[in-house]
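Notes for the one structure printed next.
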Amino acid sequence: MVTRVIVSFLFLFLIFRSNVDAANKHIRNRHPCKRLVFFFHDILYNGNNAKNATSAIIGAPAWANRTIMAGQSHFGDLVVFDDPITMDNNLHSKPVGRAQGFYIYDKKDVFTAWLGFSFVFNSTQHRGSLNFAGADPLMNKTRDISVIGGTGDFFMARGVATLMTDSFEGEVYFRLRTDIKLYECW
Amino acid sequence: MVTRVIVSFLFLFLIFRSNVDAANKHIRNRHPCKRLVFFFHDILYNGNNAKNATSAIIGAPAWANRTIMAGQSHFGDLVVFDDPITMDNNLHSKPVGRAQGFYIYDKKDVFTAWLGFSFVFNSTQHRGSLNFAGADPLMNKTRDISVIGGTGDFFMARGVATLMTDSFEGEVYFRLRTDIKLYECW
Amino acid sequence: MVTRVIVSFLFLFLIFRSNVDAANKHIRNRHPCKRLVFFFHDILYNGNNAKNATSAIIGAPAWANRTIMAGQSHFGDLVVFDDPITMDNNLHSKPVGRAQGFYIYDKKDVFTAWLGFSFVFNSTQHRGSLNFAGADPLMNKTRDISVIGGTGDFFMARGVATLMTDSFEGEVYFRLRTDIKLYECW
């Protein structure tokens, strides 16, 4: 009987220990609990394409203007966007949602941006939103940003999104492939 | 004795399994560990209300200015704010903190914004901050954004906040009801 | 035998309970799983220091301009930065990474800002990024913001960063000590 009681306490201690570890550090699983790939399409306003444009410069340094991109790797240009999200790389495919938010070019000697945006889904496949933040050193083939939260179908999600410039045309159009790997699903 | 050892290992295995699951996916509890309702009040500068205004346009597209809101659903207007937070819906109630951050109108054909802000508390009830990010399709009756972190009393918090426009007066005043549900409390 | 089965079920119940608790609330460990201290250095463009400047005003209220800081505690100034990160407080030490993002002064009667930025590491010691967001009431000796995510060496990190103004020179230079405490490591 005494042995059983000791064993019981030992178990309880182990359970407690391993839980603390689970919560803070050790036995996390690096296999995504959900994985999704999307494309989004950004058409920047350049003074002549108001009808098609999905984004526009709304902040710029003292030495620049808000119609064309600034010199020095666009340093200081703040762009707001509302871009269609598609399942494949075709701009004209039926959008499954909108990528909404902003990017700021933040470096003078190379193209790099800081991103804050959401994927807002309102399709038969997905409802809800995913929120993203992170640095985008856009000359790198791939770059990772954070999935910092989610709502609806993506309630409380967290993860990493790998961005890849799938295509671009001068300073007016670019298409980003977004490989979303969620490691916390509820 | 042998049976007991086997049973012990079985238990340990189960503990391990369930912890990995807990960390990544399965047995999360969708019942909030903390719930808080607040109101915050935004008075936008319009050229004539410098004394009372709690927010101002600081970025706008090339075709707009920073004194009055842009056309096309205010697309491209970036607004910074420092708004009082109250426990009830009365602008003149004693504030319990300040809502500080920004919103950007990001869509041409409907009112939608992207929000990045904090609730900064410094009252007898609450000390610390909650940080928020997400899309705010403000024509919807309610919309969910993410609680992406917290400090002080809200150390490491994560959750979802449901926003509701409780009242507004033209383009100068609006009041948001914020129903904060935290699902990760430390 | 019957007793053993009851005890087994009791254990399973306890394991389940404590896991749900671990995931949402109770037995989190407030001891950091990783702690890092860095300094970053911000040199604001003021019209005369284009060569050395690491940041620039890119948004400002209607009553201000983008070359010098606005009155009223710089309310409304949006600054983009790409600042060197060093291990010690010497601006000329070899940088281990770059702090990239933005801050917005968001209050009229006291210096307070809202921060969204990343630490981007590309050194022998660290590779990857840490993403931050939060309110910075910069007249306080220390202030806490959230680590909202990470990539690479900081995969899925979450935590709190304590900022301290280590030095400043007028409105052109400041140095922030950043004490990063991660409580979720993968």
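Observations, loosely collected:
Lettered A, B and C in written order, each chain numbered from 1.
Convention: a residue touches a chain if its C-beta (ideal position, glycine included) is under 8 Å from a C-beta of that chain, and two chains touch if they have at least 3 such contacts.
A quick note: this is a predicted structure, and the numbers were derived from the prediction, not measured.
The angle needed to superpose subunit A on subunit B by their Cα atoms is 120 degrees, rounded to the nearest 5. Homomeric contact subunit B/subunit C: same residue numbering on both sides for under half of the interface positions. Once the centre of each chain is set as its mean CA position, subunit B and subunit C turn out to be 18 Å apart.
The set of subunit C residues touching two or more other chains comprises 11, 15, 19, 22-23, 28, 58-59, 78, 116, 133, 148, 183-184. Note for the complex: subunit A touches subunit C at residues 4, 8, 11-12, 15-16, 19-20, 22-25, 28, 30, 58-62, 75-78, 104-108, 112, 114, 116, 133-135, 137, 144-148, 158-160, 183-184.
Put simply, subunit C touches subunit A in their complex at residues 7, 11, 14-15, 18-19, 21-23, 27-29, 31, 33, 45, 47, 56-59, 65-67, 78, 80-82, 98, 100-102, 116-118, 120, 128-129, 131, 133, 148-152, 155-156, 183-186.
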